[in-house]
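Shared between the two complexes below is chain A, which has chain B as its partner in the first and chain C in the second.
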Partner chain A sequence: MRMLLIDRRAWQEGLKRAAGQYGLIGPVKEKEFHSFRPLKPGEMPDLAFQNSRLSPKHVVYPQTEPMFAYTLDETREDRHLLKEVRREIPPRAVVGIRPCDAKAFVLVRLNFDTPDVQDPYWLRAYEATTFIGMGCNAPCSSCFCTTAGCGPFHEEGLDLLLADLGEAFAAKVLTPKGEAFARAAGWTAEAPAGAQSAFQERARAAEGRITSFVQTEHLKSIPVNDLYNASFWEEVSFSCINCGTCTYSCPTCWCFDIQDETRGKSGVRLRLWDSCMYPLFTLHGSGHNPRGTKLHRVRQRFMHKLKYFVEKYDRGIQCVGCGRCVRLCPVNIDIRRVCNMMNGFAVSGEACAIP
Partner chain B sequence: MTSTTEILRETAARLLSTGAVEMVIGFRQGTVPMMNEPCFVRKPAEAGLLVWDSHCGINLANYVTDRKEKKIGIVAKGCDSRNLVTHILENKIRREQLVVIGVPCRGMADKRKIAMKCPGEILRVHETETAITAEGEGFTRTFEKADVLQHNCSLCIHRNPVIHDELAGEPVEEQQGVDRYADVRAVEAMSPEQRWKYFEDLLAPCIRCYACRNACPLCYCPTCFVDESRPQWVGKGQDPVDVRTFHFLRAYHCAGRCTDCGACERACPVGINMRLFTKKLEKDCLELFGWEAGLSLEVRPALDHYRPNDPNDFIR
Partner chain C sequence: MRNPYQPYPVRIDAVTVETEDRNLKTFRFTFLDPGDEERFAYRAGQFAELSIAGKGEIPIGIASSPTEKGFVMFTVNKVGLVSSHLHTMRAGDVMGIRGPLGNWYPWERMEGKNVVIIGGGFAFTTLRSSIVYMLDPQNRGRFGEIHVIYGARTPGMLLYREELAAWERRDDIRMHITVDATNDPGWKYHVGFVPAITEKKAPPAGEDTFAIICGPPIMIKFTLPVLEKLGYPNDRIIMSLENRMKCGIGMCGRCNIGKEFVCKDGPVFTLEQLNRTPREY
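Now for the complex of A and B:
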């Protein structure tokens, strides 16, 4: 695999050059936090961050996305017809994305790109995007990526993976898309052996700095009904306030709602992020709600990520260990603790109070 | 461990073992620095789980809404106790269901403020009565507690619980001469255009996660107006009109009820100070009706009670 050496000047100039062919999206500090947004002409990604406050999933999967437009004007022949709103997405690159967030797109793709159904909105946006990863030299204490099928220098879902070596970056070219971006940026210098081993050294050191872990090895084999009926859900869910912070900050949460919004005689059908934490998520037209209590909803979130997904796809857990939900939960519900409780669960006589 | 923690554990164990309560709601040690988790204990042996420090900011009144137990012990600092009063007045819990374990409060730490003053990720935090020390890789910073309090706590004039059956510690001195509304006056002084722009900027980061609403003990409606679908009052996307509608109306629903406990601001994952809205209404209630929420079980709240002598000059 090819590795390039990019010094600081080549980095800045390369990004400026690449901006001619790609829309660049990168981490920018606004007020207190870093977030991913399109870079203005000449603007550089601010790499002085551990990770962005919220995940960059919105780059491919906007929180609010028009799918169709329609008119209710009775005098028009095309009245009441849904017409696709096509989001034209020129080639773009997310510069400085963390490996966990890039891996998350690979997991989310399992939902939006199936043998039966390919979601055109998600796929068009994903395929138009090149992912330039920045290895995590200093992971957070709440990151647990190495036991969540990922790692601070994990390559899955990335086109280029960079290691910050201080005076320069070493960049591993992982895909033809990565190769094309490097060409557009004019990054051609092959990394000497020293830089290559420095890259490996950074990756090893970063993994060694991960201090937080989850156990997942038994999740698949524990019978689903046993976990569902486990007695710990009341205790786990007690503090939950059923906000959407965990699901909206999560790079792997993919659930959405569809809403029509009409103004005057024209309307749009929108796709919007939704959250299994909200009572409305499962409310039936009849008024019945099969997940009527917060215990049901909290259980659903963890069972989906740590059990149903594991069984359905056999690709590990639906979590990359980015730790955002751990850091942002207003009441400190910690997926690491819950994952370990689930993984260590052995059926006792005690069943859950609310079945 | 603070002595408050010891008193709480002892009190909880006693209340549980004598059968005075079926459960005690309090805080347990969190899994990340500056964060404790609301929890319940049902057995005297579990009382050792309970902790108290400057990171117990979540308003526990939120956790007794419509609970069916006959007797619940609940740990309550000043603002929690005021929200318990409001809950009782609004029939969300009955006074006789509660054994209030009051905690005189010196204010809760603002974890974002502390994080911003540190050069790296905070890995450990410990505190004394007046100072908080944060440690990370290669740094140790000690702050006077008064300098890193949540904004609402620094302005608080009701630190002692207004109702309690037990008290975990000596009452603290209430802060005197606090100017509670300097920030609101600054917004009031803006021109309508400036103010609109200010609100737009304030709310721009909102992701509609509803953490502010759900952390609030006042927001217990079975179906919130933003979740109504027939009719649907508010769009669910990122349209600024819908985002504003949610925040403004939420604030109005808290008028005369909000105790400025700061739960909403603390819960927000993107750092929005939506307290400005509720504080404006709090200020109006104080100035127009002489009303402060949650101070007494004997007086009906300003907005659910008509008095012929209400000072209503502002609508004449």
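Now for the complex of A and C:
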């Protein structure tokens, strides 16, 4: 695999050059926190961050996205007909995305790109995007990526993976898309052997700094109804206030709602992020609600990520270990603890909850 | 890439008030582009999203049969925003249909078998589709005995009353119509709840008999034990579920029961399948 060496100057100049062919999106500090947004001409991604407060999933999957437009004007021939709103997405690159957030797109793709149906909105945006990852030299204490099918230098879902070596970056070219971006940026210097081993060294060291883990090996084999009926859900969900922060900040949560918004005689059909934490998510027209209590809803979130997904796709858990939901939950519900309780269920039964 | 959220444009061709409380109306649609009718090729048991610009979409079982050509038909209960608006619409109005969606009753497995259809209230729509499908001269020979147990609160709440009467007169289908109660002295059929009539009238259980059951939760709750008592195996009891839906294609995440999506892996499940999954419906 090709590895490039990009010194600080080549980095800045390369991004400026690449901006001629790509819309650049990168981490930018706004007020207290970093978030991913389109970079202004000449603006550089601010890489002095651990990770963005919210995941960059909106880059591919905006929180609100028009799907169709319509007119209700009775004098018009095309009244009441839905016309597809096609977002033109020129090639763009997310520069500085963390490996966990890039891997998350790979998991979400399983939902939106299936053998018999494809979601054109998600897929067109994903395919137009090049992912330039930045390995995590200093992971957070709440990161548990290495046991969540990911890692601080994980490559899945990335087109280029960079390691910050101080004076320069070493960049692993992972895909033809990554190759094309490097070409557009004019990054051609091959990394010498020293830089290559420095890259490996950074990756190993970063993995060693991960101190928080989940156990997942039994999740697949424990019968689904046993886990569903486990008595710990009462305790797990007790403090939840169903605020939805976990699902909105999660890079792998994809659930959505569809709503029509009319103003005067015209309107749009929108797709919007939704959350399994909200009672309306499953409320029937009759008033019946199959997930009518917060216990149902909290259980759904964890069962989906840690059991249903695992069984359905056999691709591990629907979590990349970014730790956002752990850090942001206002009542300290911790997916690591719940995952370990679920995973331990077969062995320990109801006997004890693993702290 | 075909956009799976794009409905086919349709025109309302006829509206029929089905029940005496006027809460149920049947809408017959024709496709604006005749080619869409072929693209909408469906099986009995599937559903579609009825789509009204400015209001939204509702998932509704297809009440017409694949053997009926030139139109598709849906019977809709007036409940929420979209269905209430639909009830104000008239012949000639244009809207959309997205589908067909979901799976269907297991027609291949049921070939050569006896079928008992058990329905209650307004959940009779895809059951009507199934009956019309099986009674089609091309298909009738492919099934054994056909029984229909169908109940509503009162005679005026039964759907498709003219067709029910016509089926009563046939000798290749055994109808067991019932109402919870009636003060009509001329009422010729049963009085009693669906589970009780099922106990008396359902054909004997066996490898060669399937039960398709569709109705309000309370009816299902009391009919399942009856079928079990009669000896119907769980993989011969077929049910069709409803859940709140948006996308209809297994993506939006709300209608799942365990790892199965009611919209895509269902709505039709055997009781055996349902017993193996959390029953959040």
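In this section, the second predicted complex is superposed on the first by the 345 of 355 C-alpha atoms of A that agree within 3 Å, B and C clash if a C-alpha of one lies under 4 Å from a C-alpha of the other, contacts with A are read in each partner's own complex, and residues count from 1 in each chain.
What we mean here is this: a contact is a pair of C-beta atoms (placed from the backbone, for glycine too) under 8 Å apart; a residue touches a chain by one contact, two chains touch by 3 or more.
Note that this is a predicted model, so its numbers are computed, not measured.
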- Query: Sharing chain A, do chain B and chain C clash or fit in the superposition?
  - Reply: fit
- Where does A:259 make contact in the superposed view: on chain B (first), on chain C (second), on both, or on neither? both
- Please name the chain, chain B or chain C, that touches the greater number of residues in chain A. C
- Put chain A at the vertex: what angle do the Cα centres of chain B and chain C make there, to the nearest 10 degrees? 90
- Query: With the two structures laid over each other on chain A, which partner does A:142 touch: chain B (first), chain C (second), both, or neither?
  - Reply: first
- Query: Does the superposition put A:308 against chain B (first), chain C (second), both, or neither?
  - Reply: second
- Look at A:327 in the shared chain and tell me whether it touches chain B only, chain C only, both, or neither; answer first, second, both or neither. first
- Item | Touching partner for A:82 - first (chain B), second (chain C), both, neither | second
- Item | Lowest inter-chain C-alpha distance for chain C and chain B in the superposed arrangement, angstrom | 6
- Item | Set of chain A residues, in rising order, touched by both chain B and chain C | 257, 259
- Task: Using the touch rule from the top, collect the residues of chain B that touch chain A in their complex.
- Result: 30-32, 35-40, 58, 62-63, 112, 116, 121, 123, 205, 207-211, 213-215, 223, 227, 229, 235-239, 266-267, 269-271
- In the complex, go through chain A and note every residue touching chain C. 67-68, 70, 72, 79-82, 84, 111-112, 114, 117-120, 123-124, 224-225, 228, 254-260, 262, 267, 269, 274, 276, 281-286, 288, 290-291, 296, 300, 303-304, 307-309, 311-312
- In their complex, what parts of chain C are in touch with chain A? 1-7, 9, 51-58, 79-80, 83, 93-96, 217, 242-244, 246-247, 249-256, 258-259, 276-278, 280-281
- Query: Which of the residues in chain A come into contact with chain B in the complex?
  - Reply: 31-33, 50, 53-54, 63-64, 140-142, 235, 238-239, 241-245, 248-249, 257, 259, 261, 270, 272, 275, 278-280, 326-328, 330-334, 336-337
